[in-house]
Amino acid sequence: MRVDNVSDPALKQTSEETLMAQYEHVRTQTLRLTESFSAEDMMLQSMPDASPAKWHLAHTTWFFETFLLQPHLAGYRSFDETYQYLFNSYYETVGERHPRPQRGLLSRPPLKEVLEYRSYVDNAMKQLLNSSGVDTNIEAAVTIGLHHEMQHQELLQTDIKHALSLNSYALRLDTNKAVTSVSSHAPQNPEFIPFKGGLSFIGTDAESSFAYDCEQPRHQVFIPEFSLCERLVTNAEWLEFMEDDGYKRPKLWLSDGWATAQQEGWQAPLYWYYQDNQWLTVTAQKREPLDLNAPVCHISYYEADAFARWKGCRLPTEFEWEHAAQSEELSGHFLESGNSLPQPVNNSARGLKQLFGDAWEWTQSPFIPYPGFTTPEGALAEYNGKFMANQWVLRGGSCATAEQQMRSTYRNFFYAHQRWQFTSLRLAK
Amino acid sequence: MRVDNVSDPALKQTSEETLMAQYEHVRTQTLRLTESFSAEDMMLQSMPDASPAKWHLAHTTWFFETFLLQPHLAGYRSFDETYQYLFNSYYETVGERHPRPQRGLLSRPPLKEVLEYRSYVDNAMKQLLNSSGVDTNIEAAVTIGLHHEMQHQELLQTDIKHALSLNSYALRLDTNKAVTSVSSHAPQNPEFIPFKGGLSFIGTDAESSFAYDCEQPRHQVFIPEFSLCERLVTNAEWLEFMEDDGYKRPKLWLSDGWATAQQEGWQAPLYWYYQDNQWLTVTAQKREPLDLNAPVCHISYYEADAFARWKGCRLPTEFEWEHAAQSEELSGHFLESGNSLPQPVNNSARGLKQLFGDAWEWTQSPFIPYPGFTTPEGALAEYNGKFMANQWVLRGGSCATAEQQMRSTYRNFFYAHQRWQFTSLRLAK
Amino acid sequence: MRVDNVSDPALKQTSEETLMAQYEHVRTQTLRLTESFSAEDMMLQSMPDASPAKWHLAHTTWFFETFLLQPHLAGYRSFDETYQYLFNSYYETVGERHPRPQRGLLSRPPLKEVLEYRSYVDNAMKQLLNSSGVDTNIEAAVTIGLHHEMQHQELLQTDIKHALSLNSYALRLDTNKAVTSVSSHAPQNPEFIPFKGGLSFIGTDAESSFAYDCEQPRHQVFIPEFSLCERLVTNAEWLEFMEDDGYKRPKLWLSDGWATAQQEGWQAPLYWYYQDNQWLTVTAQKREPLDLNAPVCHISYYEADAFARWKGCRLPTEFEWEHAAQSEELSGHFLESGNSLPQPVNNSARGLKQLFGDAWEWTQSPFIPYPGFTTPEGALAEYNGKFMANQWVLRGGSCATAEQQMRSTYRNFFYAHQRWQFTSLRLAK
Amino acid sequence: MRVDNVSDPALKQTSEETLMAQYEHVRTQTLRLTESFSAEDMMLQSMPDASPAKWHLAHTTWFFETFLLQPHLAGYRSFDETYQYLFNSYYETVGERHPRPQRGLLSRPPLKEVLEYRSYVDNAMKQLLNSSGVDTNIEAAVTIGLHHEMQHQELLQTDIKHALSLNSYALRLDTNKAVTSVSSHAPQNPEFIPFKGGLSFIGTDAESSFAYDCEQPRHQVFIPEFSLCERLVTNAEWLEFMEDDGYKRPKLWLSDGWATAQQEGWQAPLYWYYQDNQWLTVTAQKREPLDLNAPVCHISYYEADAFARWKGCRLPTEFEWEHAAQSEELSGHFLESGNSLPQPVNNSARGLKQLFGDAWEWTQSPFIPYPGFTTPEGALAEYNGKFMANQWVLRGGSCATAEQQMRSTYRNFFYAHQRWQFTSLRLAK
């Protein structure tokens, strides 16, 4: 997901005090996510899609400096002029940038200086938020900056996990965790929850709370009758797919998916390793036995689609998902729950489970504009729609998503081949 | 468009006599398209997306041999066993294939032998169609084979045009054609036709006439109010876009589109050449001055999208297009009209023009399954949905499309970067 | 080998009559080599290193038109102005060129027209050679043109062989040829012929006969004592290497060679196919059982080097080879012998065998300039030394080399990874 | 240069005490080279050719652990078993390795732990060297280990320089250094020193001092008369070449060189930047004005060759260079002189200057085996000759080379396109 798609939203009604509290909460949460990593870890960039943790720390700070402090805080002086070049992500109107695939070469500025940068900007932001000049435009921009930073919190986690997974030294096996065998954890037969369909309102006009522009405007969609599986697909079910030659039968796959799978040599989800007669997976800290009852994770759209076909089902559309989610409570295993992997479903609960948190759900809906979508003006809103091609919508959030970031209208999006996010699937019929 | 996506349609009610006449008509039309080309021309393959004309001649014939003659004509003996390997396109269940990017290396069998193959199969097909055993299954398969061949007729034309365009010797300037200057052909201000929207039926159940599976089933879609431009965008309008730096302003482009345009060095539509103070384009036979009043052609989805944004408009959805086309007469400049390029609009006509024929219209709809889409059984229907990712729907047909092939529910599809088909755009609001 | 490295040689003393006879001989021989191929075959280009046979026919003709007729035949009118662009190979001073990797797209001009071009130029050349104005400069240029054409004769054969080998239809198994089994053809233990070494004269000053500039000047080289194997390595010996895991042991290989072998998946020489319990190879006309007593052929420098190391030997230097060849008769299986593959050695002969003809011998000498090498002036001599990096010298000629082209000082050169020429090896100690 | 080509040399006669002193000297020198870099800097890997400084620190230590301590120190226990996998470079017999292009992903082990590893191994080495069991085999292996480490000292410097050069933040302009203008520093006309040539002994038998296997055996070469320029080519002369369109004239270049220069967009040596009307270059610490009197540096073989051709000269052979160097004193600006760039020549000196130190000199000699070259046995000597293809010999050492490492027979080697070493040229005739 490109994390800088921002809207010109109607403002969330908060006093400056509350906004200040939110600011401190989000900024502190970001730093907390880096506590277990060294300066060396935080330089890692393992692919152009990903960025170093240090870069995330600086870029989210650059956002407040560029869009809040420089235009709105009188007398503000930049921490370092060259940061403009180093930590811009893709705002063309803001100027030239350090090449994205070379962010891992930024040994300088050192982490220590980036942390000073954060403090420096945080102090100035407090000054700004305490000043008398805070109007709704400023409030809106701060709110966007916080949502922007929450998105980067998730990327920070998935990016460093990817990089560390390539270092066998870093992720040693956690032998304390008990081995999970397949036989003892046969998954139950999940239920499918039926929905009537009909004309449904999708999206939001964001009048009373924050939403990105791509979630807007609220509009009607006709949805035929459908049903959704009560829970996400589990690792145990995915093993059955593998054992039934799911990765070897072209007829189960989209043409582009089959080509990608052959080229990349996919034979299991990302981060699955077979060793000493068991399947292992990794967190950013260690290698551990796979929990067969947990949702499958780190799969591409192509794999999700092939699995659904193998099951005689399909993926839900984003409209079906949102329609179903509208009446559900927004709760689940988010970042705040402290889990580094999606958790097994609570079997005793009824109805739709795991809709929010745990893992993103691939939908069969391409990421395209809603009818009436318009691009906001200004640098902050630059290129709002420019990612609306060749990517697919994911819904619901994951264990790496901040809870405040989530809502039933939220549209995340990635390319069909990407696997390093916490991506899973729910079956539909 | 992948030309072998076929359905298990309800059959078109025709007597054997009629089917025979159709068979002869289509097969003859294919050969007619190759009349001006040599055996050497018909070997050309300029990119993996394209195939040699000789290969198209053989592959369409292989289709009848494999799916009609071998299973249904008692005592039929294959023309040459090795053709199975050479001329299969992508039917995995039918066996191994000659590598697609190396079709241009098939100097053998020679064209002469491929033409004998066509005669041989045509004779056998006549025998089959005259036999008493022709049932509705056979009729359905023949109908599919003919629609399949009509699709290859279009590809044959676009593929050889692409290859010849890379040989400066082949396409010399036609100096008989008068030079068209920009100033004398200023385009008129086109009208936008308004539509009310609402719930609309899209697609077909193909009960009384042929349709591919991807056009099925007929289903309801909610379409908001919209309006469509009365005609296609012209070359003159495209020149304005170019002169206004349309190819140089990233803010007009999708992110993937901008990256592609930079990498490929796009500065004009495919086949545009600037020489001696005028713009030229090519047909498969010659180089000639660009007709500024004709529809722009050979553009990618990315260019169409950027142009629409530049105009303050957007591309239509496939549902808007189909909704508008349902009440229009199916007529236009198709293959049978003998034009090698799309023609200028008839200004005296009223209402929507150029809906059918002339050039395919990019829509903003990704090619995904309709609700309730199902994959038919059997080899003929293999992989019906397997192209439903990362491609975009085009509507309406072109000057290289056989008229019988077209209908308002027809969904063509290509990747967003592809330009060698006769692709154009119509603005929507 | 790049075939246009030409020198400003002292002239071979021939009357115009003889030069005319040579001209006719060489030009006729070129056409004879194409007799068994169709116009379609002669368009094939299977890789950028290779060119279509039709292109070779035209390019060698273009050479005479450009360097003889245009400057020296009064009133000469070019056959077609555009040929200048199409059939120039790499003479930068002569102008722009059609892109080399797209020579296979030249369906036009048709073969028929290229043959007319040859006749047209041949007639004009006869006129020139019969005129009174033929001086030694012209004679020198004609001689170069003929040697140039002989080099293209060899490439024409190896290029079309490569292309046809990729078409399983083209090269069907020749079942008339008896199967050769390994056991019945165990190779004898070859003898090594000792040489004393010392200061030796290498190269030529080309005063009395034609030689390329890279063979000049004659100079002294100190050669330590050495010995050469009496014959080339055989296919039977190569099989032993394969059976002893020669392609699987990195310690036998150069580092670059091992990387190339892994990347390309080499497990045998080019054109070796294992089928029905026997090894087959191909000619340009058919697939046939491998003759185990024949020299191994179509191997890269890397493979030759690994084999020699496996045998506890090494490849000869080009100086050792030339030193040994100076006292040998220039005879062997050349193009004129009509063999499409190298032939088994004549066991009854004594001393060094197969030095000339049959197959080129990789030496361990990089292709670099001799001391005192100078670049001649003028377009014909353009870039004489520009290929003197990263390539290796081969010596002795092959079954596809015209006999008149060969001499003991002749230096052929290719990159270490290239295998499509008739390349073999002789062991040295 | 691959730094692990080692021989089975006759041993340098030293007491254990001396060897211990050498060991301490070399190991300390390595650490000194890293003093100005942070742990983050020492993780940088900017291309597969280069390695992180931390990796160099660990790999050179691994060498002593693997080839000295494990086989020879009774009771030695490895510091960490996984280091075997992480810090092996390319010794196939020693086992699997971490992928070379991903050495930059080794955030763990942290630098701190790698430094502990060095101490741990150093302590064990002292124990070994003080023990009574030190025989000549052990002494030989220690000597190799030290030469190996000196080679890595040079790579450590060039690798980190390359990585930091890609970070504009890291290398800010040093404004203290005065601007050097072209006009005020016109280079003198250098003299060419003549040599008679004849039979000369090249290489060494390494009986009394250390030498790599590729420098052996001593053998005779016939060298024609030649002359060498008294000094290296200067930056001022290189500017003349650039101003005379040296980078734009294909006729000056080798064919492979021209293709590389076009593809890479070369228009000046590596690390030359034009800014504010002056040319700058970089050290590993800063950006500073180019010293026009200093030797040109960071050029490829292709550029060196083109420059020489432009001057009407050529590069020397490695035999000419060694012949000339045999009678010269081994002194110059080496690593110990503390210069981060090659220094201007001392104009008052007579005869050949800058032969040793300052910058490596490309020769026109490919890196191939000397006559009689043999591969030593054992893992330490694994693959001694495996780099003898496609690379070129450089002679003389640079400002990043430890003085003890250099001698007149030393053969360094790199690919013709590589520029990140301290590479320069001396003209020959």
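Chains: A, B, C and D, in written order; residue numbering restarts at 1 for each.
Here, contacts are C-beta pairs under 8 Å (C-beta built on N, C-alpha and C of every residue); 3 or more make two chains touch, one makes a residue touch a chain.
The structure displayed is predicted, hence computed values, not measured ones.
Equivalent interface to C-D within the set A-B, B-C or A-D: A-B (over half of contact pairs identical by residue number).
Averaged C-alpha coordinates put the centre of chain A at 60 Å from the centre of chain C.
The centroid of the Cα atoms in chain A and the matching centroid in chain D are 46 Å apart. Annotation: 38 Å between the Cα-based centres of chain A and chain B.
The set of chain C residues that touch two or more partner chains is empty.
A complete list of chain pairs in contact reads A-B, A-D, B-C, C-D. Of all residues in chain D, only 38-41, 43-44, 46, 82, 85-86, 98, 102, 104-111, 163-164, 166-170 touch chain A in the complex they form. Per the touch definition, chain D reaches chain C in the complex via residues 2, 90, 92-93, 199, 219-222, 224, 250-251, 253-258, 301-302, 305, 314, 364-366, 368-369, 371-372, 382-383, 385-390, 416.
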